[in-house]
Amino acid sequence: MKLIQKPWLWSWVAAAAAFALTVALTEGRGAGELAYAALSFGAFAAIVGLGQMLVITLGPGNVDLSIPATMTLSGTLALKAMGSDPGTAWMGLGVAILVGLGTGLANFALIYLLRLPPIIATLAASLLYQSLAIWSNRGLRIKPPAGLADFATGRTMGIPNVALVGLGLSLLIWVLLERSVWGRWLLASGQNLRAARLAGVPVEAVRAATYVAVTVFAAIAGYLLASFSGGAALNMGAEYLLMSIAVVVIGGTSIAGGMSNVPGVWGASLFMFLVVSMLNSYGAGAGVRMVLTGLIIIGIVIAASTRRVAR
Amino acid sequence: MKLFAKYRILLPVVSLAVLLAATFYMQPRAMSYFGINLLFNLAVPIALATVAQMMIIMVNDIDLSLGAFVSLVACVTATFLNDSPMLGVLILLALVLCYAALGAVIHALDLPAIVVTLGMSFVWGGLALFILPSPGGASPGWLRTLMTVKPPYIPMAVCASVIIAVVTHLLVIRSGIGTVLRGVGGNARSVQRAGWPVVRLKALAYGLAGLFGVFAGMALVGLTTSADANIALRYTLLSIAGVILGGGEFTGGKVSPVGAVIGALTLTLAASFLSFLRLSPDWQIGAQGAILILVLTARLLFTRRDAQA
Amino acid sequence: DTSGKRIALSNNYAGNSWRQAMLQTFEEVGAQAVEAGVVGAADAYTTSENQATEQAAQLQNMILQGYDAIILNAASPTALNGAVEEACNAGVTVVSFDGIVTAPCAWRIAVDFKAMGKEQVEYLATRLPEGGNLLEIRGLAGVFVDDEIHAGIEEGVAENSQFEIVGSVHGDWAQDVAQKAVAGVLPSLPDVVGVVTQGGDGYGAAQAFKAAGRDTPLIVLGNRQDEMQWWADQRDANGYETLSLSIAPGVASLAFWVAQQILDGAEVPKDLTVPFLKVTQDTLDEALETTPEGSVANTVYSLDDAKAVISGAM
Amino acid sequence: MSTAAPSAAPIVALTEAAKHFGPVRALDGVSLSISPGDCLGLVGHNGAGKSTLVNVVNGGLAPTSGSVAFPASGAASALAAGVRSVFQELSLCPNLTVAENLRISHSALKGMNWRAPARAEIRAALDQVFPGHGIDADAPVDTLSIAQRQMVEIAIGFAPRGTEARLVILDEPTSSLDAGIAEQLLSHIKQFCARGGAVIFISHMLGEIFEVATRILVMKDGKVVAEKPAGGFTRQGLVDAMGHVATEAAAAQAARAQGEEVLHTPEGLRARKGEIVGLSGLAGHGQAEALARLYLGATSSWRSPREAGMVFVAGDRGRDGVLPLWSILRNASISILPQIARRGMVDRTREAEITAEWKARIGIRTDDVTNPILSLSGGNQQKVLFARALASAAPVVVMDDPMRGVDVGTKQDVYAMIRAEAARGRTFLWYSTETEEVCQCDRVFVFRNGEISAELTGDEITEERILEASFEMEGA
């Protein structure tokens, strides 16, 4: 397949264009800073986006709307458990992952046992998780242990640590999807669940694993974000609801399922950060910024699709 | 088989009736002309938005921009339509046409509707901010009168819901063109092969969604008397939930307009029911999720029993 | 005598520490009042996501539940007017605070947000007489409070022409969003001497400046404990000096007492004002002491405070 | 009946029509004209280009070169010229009722009260083609069996629909119908042509072709290789023209050593090791459901063992078999992944080897197994599904009418392969709508109304006995 046909190409082109336009404003000054910021903040969107991508790969109607609530709950509980004490970072991560496992299993239980459509099941469950987060800590903001905060905001070889974590997770997902049996099963289930079941794919196990994976990713993102920004807030995941879906589809993953695309999630995550930065830098007001963001998203989708048709 | 077809309508009706009974038990004051109107009048715009969402789900797409669109319509209604009605009507018509064009573009270029509407949600939201950077405007007098009218015996909210349900049922289920539109959701290819211009059908479905979205925004302003750019953002998820509660399915053109209206009423009622329960504020948000799960689970039990019988 | 009267709080958002503190203050004050037999009931209701439509439905439910008074932190100053009027028509007293409503039949306990914005610039003018570039962090677009504070800031900058706003971003009153927006716009900004905010997002801005390797400018802060703690740490380390402007979540308790007074038959003007909460370099330690860790600085109002506010407005 | 009156202008005329999909010449210069009264039988191996020809005639595909004209009506489009198609893959709207489906292709039904005439028209059309069909005009299509859906589609094809059907194209219409229903269709086609209508009839069942066709057209690799009046072909001649060396079914099956019983379901299905068990009866009497229950019960949606105990060959490709986004390779290997995986990772060399082996053994017509599966013709897709199942080591193979749309030559190959695998000890459960196929089995269960009505073994397996058991109650 030629480069031009790669579905992820357009998100990267758009990200590069937004980057170039922003840097053009300062005649090149601040390019490094901007790239660094894009990588740091893009990493959070990419991590939740990767999870959402797996779910969207399961086919039409599969989407997880509990990502924001899971992020909030994992951030809240993990920081509460750590209580700013040094040396508790791994324990906190463990708590976050447990939260992810718990919410994922609960989501899937609703979907599987009660046969609820995933959109409704995860939406309804997310309201419960949000209440749980409120109840557990009443919105008090606990600082992360200093070491963890330093790690989350720090860099290694000039690259933000959170981006490195994100890249590691991406690599893991990429290998799973491209090379492993589990990845094949996921892609098969996404194309035609019934046919996959009849071909011997353990479809329910695949679905369960996927719904757990997305919340575990969200929980890790919540844990990192809370550490990065100095504590968990009750609304900290809110913007990742639409963001997680946007980065998946702008990145070129088919919403019809059965196909996923890891590099695109990164391209789209960087783009979503850079486009806002670009418009802010040009001094666009909120209205202009929103209209342009929307039009650019649609533009990318059209560009990607006409390329595909004119193959 | 016929029984099951009937059940699809019956289940939403039963859930609504049970919830209503529970609400009346909790709050006997609600069992009056005045009370029922208060319980349901804000469900009218939600019902209209749910019908709009249903038009899109009917052709196998999903609209993530509906809430932003209804907000924009509300802003237009509270400003232009109020100040210079002609201009306002023209803008609203243009918005409906935009929706139709969106449907045509989505089909012609084979774009994923979910992404395009996600993008459009930013566009509508941005436009709404242009019109009303901060909350304000006022409802046109006639609209306020219409939404607060007090017909004899039956409260406005109930009248309006019944009218919406009947009209959309005739349009979507009974009429020929409605049947063809549902056919597009069931098997677009076969509709195309039968000689229908599917692009135009999709444009029609989206146009209808836009029209009902406009009605939703206007009804909302009639009730709230003013608008802001964020006023109806929740309608996106509420409308999707309403369609599903009403027995619709995301794919395959299986929708029920009557069910969708009932679904919207159920959602509104569920929120009221919860506030009558007087839960601790910590759990008030979670309880909304719990009741959604409960209502859908009750339906599941019914269908299971039906399947066993 | 109001011992049989029932008061409800209508709230539209619970997703930040300010609202949590508000709910808590109301619950405490309400519970005490009920116990003391001052009122019959004081119940809090909250919806999610800051949506006027849901709050309107909530108000209608309160009418059905037969509350005598509703105190209201409104999602929109105008979009709830329909429901507020219905409440008034049903004989319910409506007292709005913080997020006020414009319906004439309701009472308003307003904060002068515009003045709050203006005061930030005026403070900067005293600290930085030679002026310079400012970065503005706004709240949630399309919301009344955001627009008001912004207008105040604009007015302040117009009067103090030595300042220029070189960048303006929306932080949605969420610190991680603010941090992200500032980090994205910083690389393209010239040197910034001051940051004007809407409260709650100053700490995020400080983090973004630190990550970009820039000197921390003079950031006007809000009332969250962690940002005041950061301020204290900076002060101890390098003598950092700034100002914190905010609204005390305890204004809910003021609204409660005002509603009680109205029910009691007191003559209360429709428009009342509360001063905003100001923490200066001198009062910082005191404020930190009284603020629970992770929460927000607060003032709880008593019946006497309410009476004072009422008589002050007469 | 001989060829049509030469004076009548042809309904459709193709001149040197060609259709290329990239390098694939699906249709490679075909000239053809069809006049009123013609019943054209179209045969050819899988992937010969029959469906492509049909789609060019009905306007579904624009020819790459050459032209399509409708001289009799002078209309510009196939639809306006009265050309109707019944497609190889079912194309009804499953969410609509039978009558509503008629409305889709009958735009003359207007006004608010269109339902009554629509119901009447579809009932009349069904009654005319399939007397005693028992299909409710108000039943949603997704509640009908696959055979009933096919019947509805055919009836819509022949219904008046305001205009007049001049040419009805039937692409493998009988593939999911049982013999009795197929017979009704054939006699209707004959009447229709006698009244001056024209039909293009595609089938892999040569008996049907000989029964109805006035003219037979043989296609091979996108070209017409022979075209004669039906009388001009013998069965063998036809098979030769299609280019297959047909090994006539081995007359008597060598009695196989029967192993121990490997399967016994509560409803009474039994099978021994190495046995080929047939499921028969009228289409839609619960055979497919019984097989699905058996398969789903024996396998799990939660675990996939390294060595599967049972594999499934789907007949309804689109619904149950094909994974449409994938290549032929990935489609073929999905069931053997656990078998060839190392530490959860797919061994891609082994995967390619095994697929290449089965491509050769089963004769999948493609140059490159990394092509998308949808680039294959219907019959070749079916072969991929066979390869998927047979490549695994599972001792029991469940087949749900797997020969749907497979050409004569390939069928013989597959029969031989099934017999060879059975001889090695594999057990086959085989539901088929073709009695001929069922007669090759060692044991046959006949289904009626969802239950087993007869179990036949050895010499008892005859067409008469099967029919008898299928109809018993209805005959009484």
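As written, the chain order gives the labels A, B, C and D, with residue 1 at the start of each chain.
Note that in this section contacts are C-beta pairs under 8 Å (C-beta built on N, C-alpha and C of every residue); 3 or more make two chains touch, one makes a residue touch a chain.
The shown structure was predicted, so the numbers you read here are calculated from the model rather than taken from an experiment.
Undergrad: Could you run down the chains that neighbour subunit A and subunit D together?
TA: Common contact partners of subunit A and subunit D, which must touch each of the two, are B.
Undergrad: So how far apart, in whole Å, are subunit A and subunit B when each is placed at the average of its C-alpha atoms?
TA: Whole-Å distance between the two chain centres: 29.
Undergrad: Return the distance between the CA-based centres of subunit A and subunit C, expressed in whole Å.
TA: Roughly 32 Å, centre to centre.
Undergrad: Roughly how far is subunit B from subunit D, going centre to centre by Cα mean, in whole Å?
TA: 43
Undergrad: Going through subunit B residue by residue, note those that touch at least 2 other chains and give them in order.
TA: 128-129, 133, 284-285, 288
Undergrad: What parts of subunit A, by residue number, touch at least two of the other chains?
TA: 127, 130, 134, 138, 254, 286-287, 290, in rising order.
Undergrad: If I count partner chains per residue in subunit D, which residues reach a count of at least 2?
TA: Answer for subunit D, listing residues that touch two or more other chains: there are none.
Undergrad: Which of line, ring, star, complete or other matches the graph of chains that touch?
TA: Topology of the interface graph: other, matching no listed pattern.
Undergrad: Using the touch rule from the top of the page, what pairs of chains touch, sorted by label?
TA: Contact pairs between chains: A-B, A-C, A-D, B-C, B-D.
Undergrad: List the residues on subunit B that touch subunit C in their complex, please.
TA: Within the complex, subunit B contacts subunit C at residues 27, 29-30, 35, 38-39, 41-42, 45-46, 128-129, 132-138, 220, 223-235, 268, 271-272, 275-276, 278, 281, 284-285, 288.
Undergrad: If you look only at subunit C, which of its residues touch subunit B in the complex?
TA: Counting only subunit C, the residues touching subunit B are 11, 14, 23, 27, 43-54, 56-58, 60-66, 76-83, 85-86, 140-144, 146-148.
Undergrad: Which of the residues in subunit D end up touching subunit B in this complex?
TA: The touching residues are 58, 60, 77, 79, 85, 87, 91-96, 100-101, 103-105, 107, 109-112, 114-115, 138-140, 143.
Undergrad: Going by the contact rule at the top, pick out the subunit A residues touching subunit C in the complex.
TA: 22-23, 25-26, 29-31, 33-34, 36-38, 40-41, 127, 130, 134, 138-143, 153, 225, 228-231, 233-236, 238-239, 273-274, 276-277, 280-281, 283, 286-287, 290
Undergrad: Quick one: which bits of subunit C touch subunit A in the complex? Just the residue numbers, please.
TA: 14-17, 19-21, 24, 48, 138, 141-142, 167-170, 172, 174-177, 179-181, 183-189, 203-204, 207-208, 210-213, 224-226, 292-295
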